[in-house]
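The structure is given below, and queries will be raised subsequently.
Per-chain residue numbering starts at 1, and chain names A, B, C and D are given in the order in which the chains are listed.
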Amino acid sequence: MQVEKKEFKPTIVAFCCNWCSYAGADLSGTNRLNYPANVKIIRVPCSCRVNPMFVLRAFQRGADGVIICGCHPGDCHYTTGNYYARRRMTLLFSMLDFLGIERDRTRLEWVSAAEGAKFAKTMNEFVEAVTKLGENKRLEDLRCKKQ
Amino acid sequence: MQRIGVFVCWCGSNIAGTVDVHKVAEALKSEPGVVIATQYQYMCSEAGQTLIKDAIRDHKLTGIVVCSCSPRMHEATFRKTAAAAGLNPYMVEIANIREQCSWIHKDMEVGTEKAIILGRAAIAKVHLNAPLVAGESPVVKRALVIGGGIAGIQTALDIADAGFPVDIVETKPTIGGKMAQIDKTFPTLDCAACILTPKMVDAAQHDKINIYAYSEVAEVKGFVGNFSVKIKQKARMVDPVKCTGCGLCVEKCPMKKVPNEFNLGMDKRSAIYIPFAQAVPKVATIDPTACLKMKTGKCGLCATVCEAGAIDYTQQDSFIEEKYGAIVVATGYNPINLDQFDEFAYNQSPDVVTSLEFERLTNAAGPTAGTLLRPSDGKHPHTLVFVQCVGSRCDGAEKGKSYCSKICCMYTAKHAMLCREKYPDTEVYVFYIDVRTPGKNFDEFYRRAVEEYGVKYIKGMVGKVAPQADGSLLVQASDLIEGEQLKIKADMVVLAAAIEPDQSARPLATMLTASMDTNDFFTEAHPKLRPVESPTAGVFLSGCCQGPKDIPETVSQASGAAAKVIGLLVKDSLTCNPCVAHSDELMCNGCSACEKVCPYGAITYQDKEFRMPDRTTAIRRVASVNPAVCQGCGACTVACPSGAMDLNGFSNSQIMAEVDAICK
Amino acid sequence: MKQIKLDSIQSLFKALSATRTLYLPVDTPAGADFKKYEDGVLWSGALNTNRSAKDFFFPQTENMMDFKVEGKTIEIIEPIRPDEDFVVFGVRACDARSFELLDKVFLCDPVDTYYKNRREHGVIVTVCCNKPAETCFCTNFGIDPTAPGGDVACWQDADTLYLQANTEAGEALLQSAADVLAEADDSAADGVKETVKAIMAKLPIQNLDLSAFTEDNLLNLFGSEQWKKLSEACLGCGTCTFVCPTCQCYDIKDFDTGHGIQRFRCWDSCMYSEFTRCAHGNPRLSQVERFRQRFMHKLVYFPANNNGDFSCVGCGRCLAKCPISMNIVKVIKALGGANE
Amino acid sequence: MQEAMMRRAKELLADGTVNRVLGWQKGEFAYDHTPAVFDSADQLEQFVYDDFTAANLSKYLVKETKQEGKILAFLKPCDTYSLNQLTKEHRVNRDKVYVVGIGCEGKADVEKIKALGIDGILGIKAEGDNFVVETLYGNQTVAKTDVLAERCVVCKSRKLMTYDEILGEDGEVINSNRFDMVEKLENMTADERFAFWQNELSRCIRCNACRNVCPACTCEKCVFDNVNSGIANTAAADSFEEKMFHVIRAFHVAGRCTDCGECSRVCPQGIPLHLLNRKFIKDINELYGEYQAGEDTDSKGPLTNFTYDDCEPSIVHERGVE
């Protein structure tokens, strides 16, 4: 008898800046470019609005991967926001790595408003990488697990 | 508890095709706080909006969630709908179930499930929304232009012509800037003075323009629409109102050995001077470092001869305070110092000159009255070598600049051409890395220099210029095309020195909290779409302070900046975006982290007295955000360790609520 | 009295853990702490654990109940009460006394059922302290480490561990390990006791004058000028309260799990700025007030309500662990003369 | 040294330069000195300075410089880094502190003495390079270097960064091997690192000593104490919260941490918390150029600064082992 194993579908939170990446995500929709439904987007004004606390919070609440998307360096609507985001996330990701959390669970990507295809491709790749890792065990909060 | 209405849009079949809108509405109806959840074919239509408005009134809704297309499409629409029904427009959240759901997922079940989750996230957020009211701030209808070169003059004239008063602050005794020193302009070869001086006069005579020459900006406070600026008028020792500019004092001044900065030190002026004949304002200025009366107390000849009684040796620096709605920076450029480029012998031979010095040497009002003569012996030069990219496009940044100074190719072509035209007996070489001629009629101009005037363009860099015993200059260079080393015995060498922002720009940027790049050029609010605005609201950029430019480009940017200023000043008040940062003073540490990352200078600090938790009172330094200046990026909210800084519309708790809703 | 050779102590642990979960002090990279016994786990020779033994009955966090939330419906779910029997081995006299003090708090009316449940499932095996430290001051509170109490008391000499049951539960426990235990003379541990008593007599913190800490003197003590100076360096961390075997303050919190609410309690610390914060605000706004609360509670309020028993057992953990080395001994010495 | 310090403190009190003195007060034992403010020559009789006056005093200046008058602070080199950083962040009014910098050769750690099996310490006397420890169980001699506090073993600098005068010898910035342990962890596999931290952080009792002692953690209200922040918690009810707390704590002081090592010194559970902070310092040095918080009072910190060509976060993949 074969035991039916439920296919693992990771929960992915994508923080997208309003001006480039969120528009890029819209474009990927307009062009009907598919990416898995487990990606859920949260709109923020700028990648620099993403607090490391939000990333950890997502993992706590059951996310298996967190990706942050912003304007390409030099194209920030607020001129410098993504540069700060880049430093903050570099250090945060490095710290998570230091604690032994899988590197592929976090990612920062620059996606412009014109890069609908890149957005879809990035999400497909990210979901694939996180799926390969399996469920987030190292940054989970047992209390938040679905019973 | 909020009373929330959820409105699911079909968008025809755009959404309803792959999302079961009925199921979404049904599922969201059971969310806490939701009192009505419904669906309709086109929520953005007149009928759809009416449905929302009625629901807001009938169910006394305090917040609504529209599950529809991207907020980039219709957020503004639904905010207006809410406002029309008496609901604060910022109590509206959009769940993007079209672009980010129905259009990318083909499976109905998958699409529906995701749409429900996106709807829950929006509901979770709207629970924490608070009504926001856009503030208003009045606009002072007066502009300040810092810098009186062609950029500043053009901006001032355009603003003044639109009817708004403008003040120009110029640090030199006269306006005119670099263009006043230039002989002819490329590619038309007009006389620079002939086209500039009428504009200077226009500016001086314009009833809306006030010129503070020999003055500097000392302090800037305030923000867009409401700047308060302190201007320092340096003491000229001459009453500008009384002085008629007759020039008698200049003539009689016994101290005539002062290097003349207008001619770049290539001739002398007197201690009391008028920079040049067409100076505006045409007022004499005493150089206190050279004036005998000022230094020794003995002389006073100028005061004796001045019939207007304008000389006043006791004059002090004075300060003026004025309010402005907008500030235009037009601080211009300077050629770089060539001390580090010893290989070109600039400091060793007077016959090695910069291009700007060459302009003066060919100018009728210059030290040689327009005849090209060697500075060392006053003889007619026969062989001239022009070197381009001196300090431009330097790698490694050990010396020089990494950028292209943009104007050198064209003015060098101009100099070479004029040389050959006026003195056909001369041989003219130009050494270049690339010749860059993008511009109307620019390439044609360059080709004329080569083809019609026989200027010898050689691709290659000059390695060394060595002054010889016979007074000539031995130029050693490589010809990269022929692949050979050249030695040219030249009479003069002209260096196209790189240009850099004026040194006053850096402290000014600090005062304005306007950002600069690593080369001290002001950065624009957006490199493509907002090139004449600084990221700091109300501060505009004109001319070379933003990057190297030629005259037509400068003038068009100047007019562009003027148009932006006019667009601002024509308003009586500014409506602020209410989605701005705000600081909780009770939690603020006053550490300045937020201020350091704010690209707009929107954050200031003040010392305030607080009642501390332990009932004592203490003075604490706390941040406050100027909502008129803040653009709402949120950089400060993450820099702040205590969480005192938060962002309206995208608060920490709102974003975390969305995260929670998505992940559960 | 029973005995067992120390070189075969593992057989005792195996016997004890056969029917119950056994916890005992184990060395960690930084000090000792109670750990669950598994094959090969070694009993730490350390005088005391970093954390006290109160965790076994009053854990740092404890789930009280769950609320399952679905849409607009809420369902209450009672938590599963732990029902495993366990034995805590290696408790010192000071920690053993702390259970008596905690009982006074949690087992008086209304009874704390969570505490009571754990208490009913646990058996305590104490061990006499052979090498007291300079920070030990239990004798000031009438504790005798040579009579360490608990369900079973133990003494240890160079090669033997002697065990004496004090209660029925203790008897039962020893019975369950009868196979590995040998009989011993009731006076077998007397030599150890005498040695330890001799060391106790040399401890530096003795004969603390506690006479000022009486109910009658409450207002004098409360109003003492000394609190300000004593609390000056206090960082407001919770170290002293969290390592303390007698601190019993807790906070009840709701945690939103995303699909429900978990209502749990966790230790609170009177050193924390949010301590006893309620809807109207906080009654103790400054660190000096919170600091005073800790010591007034241990030295005045608690004895006033509990027949004069001080809420301190002199274990010395706070002396060793306070980041700025302020502690109850310094407070007692400073305020001892406050009534003069 | 102690005598010289007391003398100087009395002089500065007497001539009105200061009205209070921040130092350490003698404890019960030889090693448990408490930071204290002295406001008279009489009180100064309780003043102590020796191998066990380890506490970093700078944090107290946040509160003290809000009081009337100027305070004398005896600061060790690492304390002066902290003071500079606090000055930079406007948390301390430098004008209201008279800093007497004191040379430092490292502090002793009583826990290390106890770890050598020395119990019942009644007295400790410094004799040359050794300590003679008098105990309930007899006298023992230990080498000072064997009981030097861990943070002092890898001391980064014995140079005073700010002072109004110096007592003793100012030292030099040391090219120390303080990043060795971080590097060792970096070279482990992710599984090993996870196991290491799981083991360490699981001991955390959320007493907040690390945070409360930290001279960079001077928030008026910490996010973890603020019920409105959404992440407040006072107990690690789940192992996630230990990680959350320690990652965010370290992140909030990233680029601001002066590596004074107080966090690890005070941890009652002996968790090497400084490794988290030091990881950030090492990353910042490697990725954004050498930077040591507390060296100056005006430069931009690495997290409030950037360059156009900073590395991308993918660097974490590129340089990682495995």
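Definition applied: contacts are C-beta pairs under 8 Å (C-beta built on N, C-alpha and C of every residue); 3 or more make two chains touch, one makes a residue touch a chain.
From a predicted model like this one, the values you see are computed outputs, not experimental measurements.
Interface comparison, B-D versus C-D: the higher count of C-beta contacts falls to C-D. Averaged Cα coordinates give chain B a centre that lies 45 Å from the centre of chain D.
Inter-chain centre distance (chain C to chain D, centres taken as mean C-alpha positions): 30 Å.
Centre-to-centre separation of chain A and chain D, using mean CA positions: 36 Å. With touch defined as above, residues shared between interfaces to two or more other chains in chain C number as follows: 255, 258-259, 273.
Looking at chain A, one finds that residues 52-53, 57, 61-62, 74, 80, 84, 88, 143-144, 146 touch two or more other chains. For chain B, residues that reach two or more other chains under the stated contact definition are 597, 639, 652, 656, 660, 663-664.
Taken chain by chain, the contacts link every pair, so each chain touches all the others. Residues 70-72, 256, 258-259, 273, 282, 285-289 of chain C are the ones touching chain B in the complex.
The residues of chain D lying in touch with chain A in their complex are 182, 185-186, 190-198, 223, 231, 237-241, 243-244, 247-248, 250-251, 254, 276, 279-280, 283-284, 287-288, 302-308, 310-317, 320. Residues 28-31, 33, 47, 50-51, 60-61, 131-135, 199, 202-205, 229, 232-233, 235-239, 241-243, 251, 255, 264, 266-269, 272-274, 277, 319, 321, 323-327, 329-330 of chain C touch chain D in their complex. On the chain B side of its complex with chain D, the touching residues are 518, 586-593, 596-597, 605, 618-621, 639, 641-644, 652-653, 656. Interface residues of chain D facing chain C in the complex, by the touch rule stated above, are 27-29, 32-37, 55, 60, 111, 119-122, 135-137, 200, 203, 205-209, 211-213, 221, 225, 227, 232, 234-237, 262, 265-271.
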